[in-house]
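Next come two complexes built around chain A: one with chain B, the other with chain C.
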Partner chain A sequence: MILRLALLSAIKHWRRSLVVAGAVAVACAVMIAIGSLLNGITGSFYDSVIPNSGHVRIEDARTADSLNPLDLELLLPNAAGLVAKIEALGDRRIVDVEPILGFGALLVEDRDVTTLQGGQDPRNLAMRGMGVSPDTRFADNVRFAMKEGSFLPGGRGIALSERAARLVGAKLGTGLLVLVQDRNGEPWYERLVVTGLFATESADFDESTFYIAEETAASMLDAAGMAREVRLLLADRNDAEAVARELAPLTGGGGGGGTTLRIQTWQTINASIFAILLFVKILLGIIMALFAIVSGTIIANSSLMSVMERIREYGTMRAIGLRARSLERLILLEGLMLGALGAALGVGIGFIVIAYLSRGGIDLGGIMESLGLSRYNRPRGDFWWFAFCTLASVVVSLAATAKAARSVGSMGVAESLATSS
Partner chain B sequence: MSDNAGRMLLEVRGVTKDYRLGKTSIHALRGIDLSVEAGDFVSVVGPSGCGKTTLLNIIGCIDKPSSGKIFLDGLDVSTFDDNGEADTRLARIGFIFQSFNLVGVLDVRENIEFPLILAKVPKAERARRVDRLIELVELGEFVRHKPDELSGGQRQRVAIARALVNRPSLVIADEPTANLDSATSTTIMEAMKALNEEEKVTFIFSTHNELIERYAKRILLIRDGIIIGEEFPGEKNPGERRRGEWSRGSAPGGDSGPHAGGGAP
Partner chain C sequence: MELLGIAIRNIRRNERRSRLTIITIVIGVAILMNMQGIYRGLTTTVYGHMMAMDTAQVQVENAAYRADARRIPLDKTIADPDAVAASLRALPGVAAVSERVDASFEITNGREGVRVMARGVSQDEARVTDLGRSIVAGRLFAAGEPGLVIGKGMATKLGLKVGDAAWFTALDRHSVRNLGSAPVVGIFEYGFPLLDDYMIYLDIDQARSFLDLGKVATRLVVRGSEPRASAALAKEIGRALAARPDLAVYEWKTFAENLVSTIETRLQLLLSILAVLFSLIIAGIFNTMAMNVRERYREIGTLRAIGIRRSGLEAIFLLEGLVMGVMGCAIAAIPATAVGLWLGVWGIDISGIMPRDIPIPFGSVLHAAYSPVDALRAVAAGTGAALLGSWFPARRAARLPITAAIAAVR
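Right, the complex of A and B next:
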């Protein structure tokens, strides 16, 4: 009957019950939504940025201080040899190792100049070229964002974004001139056919990066066997520091030509992103804590009001023989039921909100793009986060109700009975 | 309900109750001595604020005396802690309140059954006792009604049934007819009287109403926190048994002292 009594009391005072359950539901849904948003940001970071940038990266030590990160002076002279040495280790933790040849280039519209009207130049765009293996695993963000054609089929052609193609007047199958300055300072150009058009969710990336086969790039730059960096993909990213330590002896002369190499892990490569993510986490954590405090206060006040309205009834129960502790348990049981109801509602609302936002994503704009992430954040639901939010909501509700229960429990029976309500 | 009428059920020895109201001390009870035998039907009468409710609350273990002793069934209940008091109320005392004090969300049957559930009485026994009391207070048609669907008299009969269901040694009724019309008041008092005579239930009730107090076998007059006299209406020469000369209009000898505090604090 105690359970029934708690249930009936909650129903009878349905307005206050609704306020309490509503406050719990809103708090729970907000916690779920914010947590899932954060989970979406970090998930997107771990899923795309880290694999694309590599878990371990070896590059010229001077790169960090160079004003021009695409300076050909910073190429690793014997990248191919370094890759061979790493592969010879047979380390099962290393899933893939690849030399990446990044360079600066000017993409120029391939057009008969006689068709141009007076004073008009062919359209051009300064971009960063990436010379990669056609089956590279360090360009999955592009490979899975192909809109037309495919990614360097048979090592041929050029893959660029739809946006960049539009800017230089290129289409799938049309030619495009790629102008570079080779290692000797000589200008060089190559006419490449557009074999793939992609559109990632980062406009910054799309406007700045194109891909060609590493072989083609090396030929154009006169940099056979060289690379801007050597990237490693690991089976478990947590092994990055250990692998980096073990690779250190190999890099002594691995770069060749007396170059000093620097080995970076994904943590150091993305240190600035981590700092921003930490800031975002703290900010969202504060928002969640504020919501919990506000909701807790609303719940506590509503519970207190609800309980105070019934103080005479509780006094009667105690006069009949209900112990103070049992009365507190009765009130807590009501709080528990309302907390559970609110949490269930909150989970439902949170689930719907996440499902809706996951479709198109939330446009977080340039801040996310500056981190190398998609501007569209898709919240990711996580079972354990849902479970935590449910539990936390019920606990907050119980804690808020406990205050009211304690107030009534500590009140004398005669005092309770004399209270007009 | 009591089956050994005549034994000493309740003894109140030198009970005082003081309240602090800011810097003022209010003496609600100023030394009460009282004995009640099992099967008695006692009325406590006196003007508002004389300490009737305070006395009943202290006897009923819902308030603590500032000093003095209360023995119920030979147990010194004035030394009990909160749980001991709650258990005593549950097992030995039944309450009937002026404003019925039923649990609004429970129906008639559940209200009556509630103390039995607290006392962990088995279900079958609960059903048997509740059925009998529903029959006794003639509420068979209303068992599934909520308190707000009942008249004042019906509610008070539910309260009586609830007070009796755990077979208490003592039933305390604080102005049980104050919120009822005279006809219903008579019905309620007849019911209580019948329970006292037939079931030997011991009642102590307070009232303002001179007609109601005449149902009692014994009347205690309380004024300014002390018992100033008692009367036995059923006896031939009730005046000879008075403790002192008293009238309803004034305290004896004008020795009223500071006015006692309100009913319950």
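Right, the complex of A and C next:
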């Protein structure tokens, strides 16, 4: 009966019910949108940045303090042996282990000087080369962003971005000179055919990174069996700390040649991004809390007005036998219903907002690219977040109604009936 | 005054309701007041640092340079920089003009090396940026003097001191690798790792000679006499160089696109969120006032019956909203001022929060920068929201027929 009474009351005062439900809906939708935005950022971080950079990484300990992280002095001398040792562990948590040979290089336009116009010289572009296995698991961001050709087919050629190709006048199928300085400080160049052109969402990445086969890179740098780092991909990223601990004895002898190795997990590799994400989370958390306070105040005000307006009505109900506790329940139930209705509306609005924003993504600015993230954020809905927002909205609505319910419940029957509204 | 008295009496009569309405206004106004100060502080600090350290206010480049900027081309230069610089110096609003040659170098101490951005600069550089003031050891090179000014981070990592010799290599205009050496004459520190670790300065004529460039410049960098008028200055320079299609003029923001886009997109997001928050506040006030009108049907009828005009009645309800808005703004001023003083005077020490390698020159302490306009804007938004929320219920009250209002039974 109380449920019916609450429903009738909500319908009778439909305008005020609409305001309460609307306030709940707006707050709930904002919470959903903000949370999904954050979820989109962290999601793209977990899904693309971390798998590409590896869950665990082994590198020369001096890399962290080096001004030039691409210094060939920092190569792991026996990376191949280290990879073999890790593979021999047969650890099922480790999905993939690969040596990655990163190096600095100059890409130079491959043109016959006689075809260049007067005074024009071949264009060049300083970039970071990545020597990887042609079927590497650590370049999915590129592999899924191929626009022309394919990613190092049969280990041949060079894969670079469309932007970089334009800057050095290269096209699919044309040659490109890759200039490096080998480990002995000798200049070396190789003419490689462009076999793949990609375009990721990060202009910074596209203009700074190209891929060649690890074998080719090792040959150019005179670094057979060496690597800049060894990356591990795990089935579950939460195992990173445990795996890193267990790998420590394997790296005790260093990568050979007396090198001290450092094992990093994805948390330490991406510490900067985590710090920024934490900052963003705190900021968005404050915004969500403020919305909760404002909507809570509006709901409390509306409930209070609604209740105060009906004190005599409540007095009559008490006089014909309704207990004070039941009356409180009636008011709370009305708040609960309006909260639930508002939350449902909010979920609907939030869903539409997310769907709209996900189409083109929200431009979060170029700094995101500098951090290795996409500048276009696509909010991601998450069932648990939706559920949390729904629950939080209902709780805020109930808490805001509770005050009004208590004040009416504590009034005596005569007092209620005597109240002039 | 009488109408104002009625409005105030009614606010006091429904104290709890008024208090809750005012709380929402307080929250909105306080947030708006502080957000503006924080945003201005952030942009003033970050944009100011960027202009002072690197970009100045306006730059002039070869029109074809920008498309190839990533490869730092030496074949797309300004052929007559002295003449163009002289014409710019003659423009009103131009305080200083410096010529630059940018190139990619590798610098080494003989044991390890690093790829850096090398900037050949004229003596005017100290007038367009803070380079001169940022030298923490040694000095800036004299005109034509072979010598390097390097960042403190780079100096520490390469173990270089003032007086030490540094070697450098770079591809010249013909893609021929040249090797040179020069003493370190100065060490600068901006507190921004991207420059402190990866930027070196040398005399522009030394750079031209090393890169076999002749008397050209990669860019002309302009500082105006009015720091905040960079867009207007860029327009003025653009007009002055209209007859030179081979040149392009850019406001500094072009060279800090990542930074500017990041800050401005966040501002848009923040503004959208604030707009939703204020909509919620307006809805809340609307609800309160609508309820207020409904509760006072009979009173409205009586007031109309004793001769108060529709406009007077409308004014009572609008005044009620206005008084709540003003009270909300006045109360909001207390926390907003406290937070404002804290952020403006002491600021937030972000050196321990922000990662060192984040490419935004925050400095070590982030200060908010308030302006009286911020307070006026927040007060306008608060009272505006209150008036807007009261407007429709006030109109409704004013349009009620006297008989219907008196006969109304709630």
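In the analysis below, the second predicted complex is superposed on the first by the 418 of 421 C-alpha atoms of A that agree within 3 Å, B and C clash if a C-alpha of one lies under 4 Å from a C-alpha of the other, contacts with A are read in each partner's own complex, and residues count from 1 in each chain.
Criterion: contacts are C-beta pairs under 8 Å (C-beta built on N, C-alpha and C of every residue); 3 or more make two chains touch, one makes a residue touch a chain.
As the structure is a prediction and not an experimental result, all values here were calculated from the model.
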Inset, instruction - May I ask you to decide whether A:276 touches chain B, chain C, both, or neither, giving the answer as first, second, both or neither? - result: second
Inset, instruction - Examine A:142 and indicate which partner it touches, taking first as chain B and second as chain C; both and neither are also allowed. - result: neither
Inset, instruction - Applying the touch criterion given at the start, work out whether A:71 contacts chain B, chain C, both or neither, answering first, second, both or neither. - result: second
Legend entry - chain B versus chain C as contact partner of A:319, first or second or both or neither: first
Inset, instruction - Could you let me know whether more residues of chain A are touched by chain B or by chain C? - result: C
Inset, instruction - In the overlay, answer first, second, both or neither for which of chain B and chain C A:5 touches. - result: first
Inset, instruction - Would you check which partner chain A:345 touches, where first means chain B only, second means chain C only, and both and neither mean what they say? - result: neither
Legend entry - Complex contact set, residues of chain B against chain A: 57, 60, 62-63, 82-83, 86-87, 89-91, 95, 97, 101-106, 110, 113-115, 117-119, 162, 166, 263-265
Legend entry - Residue numbers on chain C that touch chain A, as the complex places them: 16-17, 20-21, 23-24, 27-28, 31, 68, 70-71, 73, 75, 104, 112-115, 153-154, 157-158, 171, 173-175, 177, 197, 257-266, 269, 273, 276-277, 279-281, 283-284, 286-288, 290-291, 295, 353-355, 357-360, 410
Legend entry - Complex contacts: residues of chain A adjacent to chain C: 15-16, 19, 22-23, 26-27, 30, 34, 65-68, 71, 73, 104, 106, 108, 119-126, 163, 167-168, 187, 204, 207, 271-272, 275-276, 279, 287, 290-291, 293-295, 297-298, 300-302, 304-305, 309, 362-371, 375, 421
Inset, instruction - Show which residues of chain A lie in contact with chain B when the two form their complex. - result: 1-2, 5, 8-9, 11-12, 312-313, 315-326, 412-415, 417-418
